[in-house]
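Have a look at this one before I ask anything.
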Amino acid sequence: MDIKEVKKNAREKMKGFCNVCNECNGIWCAGKVPGMGGCGTGDSFKRNYNKLKRIRLILKTIHSAKNPILETSLWGEKLSFPGIIAPITGASYNFGNAVNEKEYANNVINGAVDAGTIGMVGDGGDPTYLELGLKAIKKAGGKGVAIIKPRDNEEIIKRIKMAEEAGAVAVGIDIDGAGLLTMALYNQPVGPKSFKDLKTLVDSTDLPFIVKGILSVEEAKLCQRAGVDTIVVSNHGGRVLDDTLAPCEVLNEIVKEVGYKVNILVDGAARNGGDILKYLALGAKGVLIGRPIIWGAVGGGQEGVKIILEQFKNELYKNMILTGCEETTNISPRIIHEFILD
Amino acid sequence: MDIKEVKKNAREKMKGFCNVCNECNGIWCAGKVPGMGGCGTGDSFKRNYNKLKRIRLILKTIHSAKNPILETSLWGEKLSFPGIIAPITGASYNFGNAVNEKEYANNVINGAVDAGTIGMVGDGGDPTYLELGLKAIKKAGGKGVAIIKPRDNEEIIKRIKMAEEAGAVAVGIDIDGAGLLTMALYNQPVGPKSFKDLKTLVDSTDLPFIVKGILSVEEAKLCQRAGVDTIVVSNHGGRVLDDTLAPCEVLNEIVKEVGYKVNILVDGAARNGGDILKYLALGAKGVLIGRPIIWGAVGGGQEGVKIILEQFKNELYKNMILTGCEETTNISPRIIHEFILD
Amino acid sequence: MDIKEVKKNAREKMKGFCNVCNECNGIWCAGKVPGMGGCGTGDSFKRNYNKLKRIRLILKTIHSAKNPILETSLWGEKLSFPGIIAPITGASYNFGNAVNEKEYANNVINGAVDAGTIGMVGDGGDPTYLELGLKAIKKAGGKGVAIIKPRDNEEIIKRIKMAEEAGAVAVGIDIDGAGLLTMALYNQPVGPKSFKDLKTLVDSTDLPFIVKGILSVEEAKLCQRAGVDTIVVSNHGGRVLDDTLAPCEVLNEIVKEVGYKVNILVDGAARNGGDILKYLALGAKGVLIGRPIIWGAVGGGQEGVKIILEQFKNELYKNMILTGCEETTNISPRIIHEFILD
Amino acid sequence: MDIKEVKKNAREKMKGFCNVCNECNGIWCAGKVPGMGGCGTGDSFKRNYNKLKRIRLILKTIHSAKNPILETSLWGEKLSFPGIIAPITGASYNFGNAVNEKEYANNVINGAVDAGTIGMVGDGGDPTYLELGLKAIKKAGGKGVAIIKPRDNEEIIKRIKMAEEAGAVAVGIDIDGAGLLTMALYNQPVGPKSFKDLKTLVDSTDLPFIVKGILSVEEAKLCQRAGVDTIVVSNHGGRVLDDTLAPCEVLNEIVKEVGYKVNILVDGAARNGGDILKYLALGAKGVLIGRPIIWGAVGGGQEGVKIILEQFKNELYKNMILTGCEETTNISPRIIHEFILD
């Protein structure tokens, strides 16, 4: 199996849900939530892609970076490269059950391990989703991260304990899920968190605590003050609020303000190794990969996930040669030329 | 009936007039006046949409705005949210008589009441249009606003009296109708108003007087000096002059200059609750809704109008949660990032 | 006959040459020289359209300009409005001989007279073209202007004399025809003019001398020093050099430098009365109209030309009302908001 | 045979590989590497085209440049104009073997000689490619340049000697080929060069040494310090790294820094004589021509290559007249108006 086959399979199996476009830019799937697209006009998704795309890489070939080193570490784990699988659930309504919820969780967690990195599992309107994810993590000896919806604090803390029992490496919430009003219909209400709420959550566990869904310096600072270990700069793939800024537009400012104390990851339209490199140059310690992983899992199962991740690694390796970067842990901001703001 | 059904019905019934596009951006219907589009190349309509779309909402979820309050008031009336129905006539030539003029007026006025807000009725080349609108207002116990074309002053004043008799909450003119040269062919001449003309009109009634169609600080100040109660920043949906600025480009400047003394509403390409929120952040006290209401009335009658308005409310509620806004009457300008000017 | 019919006829008769698009923006016909398009990629033509389109008109309706005055004068002639017909030849290869060269010249000159304004006739690789144009002018009692290609000076002067004999109101050269290398194949060489060459031409006649094809302040100043009466800011409809600036980008700067001593006209993508108004606001004394006149002549002959010009007048009249302009000879630069430069 | 026929032939013979589009802008062929497109999303190729296209030529016709001189010289050779054929190999996988590798090399070298200029030959995964190119150069009495892939230094030096024996005018490397990881699969590894590596290469030959693939001032300076004779500012036609800057964006800065000591050529989306003129105005001494030459060789063999080059010359000549340029060796930067950066 190679990447072409994986994508071809995925395209067939996800018909009507995802077109696996040559440029995965949010146009074909605009508004498809549930589904694979961005909400409303899809503009937040499209912007994630377009603004990241506009950043230029500075081609350099007179240097000695002949064999770049990709390895990094996060939460005490060694990673083969700074690519992490984003938390995704809802296989049935988001990608037409081309794989089921359990298979998806296993493919992601195990595929990540096979590629020497780590995956995240998510939460949803159906509480069994998170349970399936945690089982996958437990089976993989704890090699995984659990991201819980912004439920009532006691509900979250109950699930943090479940993640601890599964041996997860880290735990957190995707706080930008606060607007998922439909979850209340399933008796699973979610909402924003006050600073105090957030601090309570951080203090409830010894695991590194992650807040996913930060898009402003102001909220990044609140996370730092609350003792958060890791922020994921993200707009939820453009799926919760139309017309937001893109992660790449605010990432560097957040890194400058709190990056010395908090791990900053980023999530948004990473489609290849070049995108990883751009985000590292903007100051991220790691990059979440979302939609391409779905193609991997649907088109090739656990092996497909690994193939996608290896492709990212190969591209990252080549692009580091072509920009003169020796180590992913020490990428110069000078390898990019920014054309981010309008 | 739900919103999908309303739109589906509308699309069928308005065939050739309106495509009820996923993005109602003025492309499909460019130049269709009469019809649903903008005049000429449709550029004023397109700009209304595009410039508003470019404004970014700042996603925030670490806060306490868990149950935002949408209510506001205008002209002494309590409104369930700051969305008001724009004055529209010409059912036969603008949307193919999919509903007739009388039905449209009733649907709009009653649908607005059902959703806890208020509708406006308009005037046209056929003088019976305004009469049908005023009848609808009277039947609804006065819950409505009458907007008269910029006819000769005595003709306007005659109609102001009719509106008073119908019990209308407020009355005014859409002064940007001054270029409707075809109205002269029906013996209904219109034209611009001198400052003195305008003052005469304001002084002719005790009702709050509205001037719709202001796009510059200069004319906003003239309105204030003439004693106007409410300005509607508008370019008439892009239907009277090609290549104007968009309301969202001039709104904030006008609010800063005269907003402390005059009510500032805005009209232009509001398609969902997020657009309402953007306009509130730019300083508007309320937002007129136009084309989506036509879909509601055509696709579902009075109930359809209500469904559209409820949809706006739900989106506004969700977006207030995701930007940390507690009350529509106190929206911070800091929730948006502006990319308005080229 | 009305404007719709004229355009419909033109679209049929010019099949393959001109699509008479809703937006005449240079896309359909890109590269069609000979034909109706811009040369090369058509980018100079497209830019003429796009940059002019981006200029915004400031909507104003609180004022007293209820009956704007359109009249102006040029070269001692009274014109019903500041719209002048551009010099065009090559009916056979440019628009498929839908009208022949002689008919075209007569339609243009007479149609202009019928609409109370004036037309220009042009020159070409076939020397009879100019002769047909001059005959049309003579028959119209001299109501016309002759524009000669930048041939050798003695050839030009010979033709200036012919224009004098025809009684033409003014005479000049389209100096940007200097690159028409194919004219040499017909033994009609053209080329650039030195300052001295130009001065000789100006001094050879008592008629007002026009230089068409100026796009820089530097060359506008040379014209002024040479005693030129009238400059036409133009890039030849984008037909001689790909990737130039657009007339509207340089017009105002030229007006500021030499407008107090030289008449400044402009030529480029004027499609309606709003475009005339924009150019007047940028400082032009008059505006050449090109492609729409071809539609008029092809689709309706002399009457078609008149219909097109009347349409421009009606639009100009309406737009003056909607921007508060009382006289075409005194248009404020403040009625536009410029978004010209990238 | 004329240029239309050449292109028509090429379009037929390259079906599926190249569409010979009216605007060769990298859209149709995006991602087709191998093939004719740019790698990844094709954005580097597209940017080469778009950014160069945005540069405006200042139309001027009041001057004395009636017979512009196109000749220039490079590496001691007189050239009929500053257009040079870019090094291209891989006829089978890049353009479907419409001509074979040997024919292509001969067409390019001989067609260039016929047009009074010079061609480059390239290197590839198959080592016979360079050999065929060198044979073509030898047969043409040395009128050609050899560009070698960035192999291990000893492999390069071996090939430099081969080029010397063939009598080549100059020799060099396309250093941006450093990321062609697939070449290692054929036992032909390539990679970046340290400054010392580069100096060794320069010192290994008395021929003028060329480094092709520089996109930054920093690396241009390293080349100068290493004694490089000629830099080619290039991103390899957008075929090695997605999302780079375009040559025209960095060219002028590089010229200003090192142009007084090093010959600066440029390579990127030159499609006509106007593009040559723009690059000369930005400070280049010569311009490589790539894809249009392939059309020439495929569509008309040696004669087709000559026809393409003559077309470039004619356009350059005409455009020099229309911008007032007398000599290609002395083009003023003031003939362009730059809109390069976003």
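Structural remarks
First chain written, first letter: the chains are A, B, C and D, and each begins at residue 1.
Keep in mind that, in the parts below, a contact is a pair of C-beta atoms (placed from the backbone, for glycine too) under 8 Å apart; a residue touches a chain by one contact, two chains touch by 3 or more.
Quick caveat: nothing in here was measured; it's all calculated off a predicted structure.
The minimum number of touch steps linking chain A to chain C comes to 2.
Shared contacts of chain A and chain D, meaning chains that touch the two of them, come down to nothing at all.
Two copies of one sequence, chain C and chain D, touch each other mainly through non-matching residues, since under half of the numbers at the interface are common to both.
Matching CA atoms, the turn from chain B to chain C amounts to 90°, rounded to the nearest 5.
Chain centres here are Cα means. That of chain A falls 41 Å from that of chain B. Chain centres here are Cα means. That of chain B falls 58 Å from that of chain D. Residue numbers of chain D whose C-beta contacts span two or more other chains: none are found. Taken chain by chain, the contacts form a single closed ring in which each chain touches exactly two others. Those residues of chain C whose C-beta lies close enough to touch chain B in the complex are 22-23, 53-66, 272, 274, 278, 314, 317-319, 321-324, 337, 339. Against chain B, the residues of chain A that register as touching in their complex are 30-31, 40-41, 43, 150, 175-176, 178-179, 181, 191-195, 198, 213, 215-216, 218-219, 222-223, 235, 240-245, 342.
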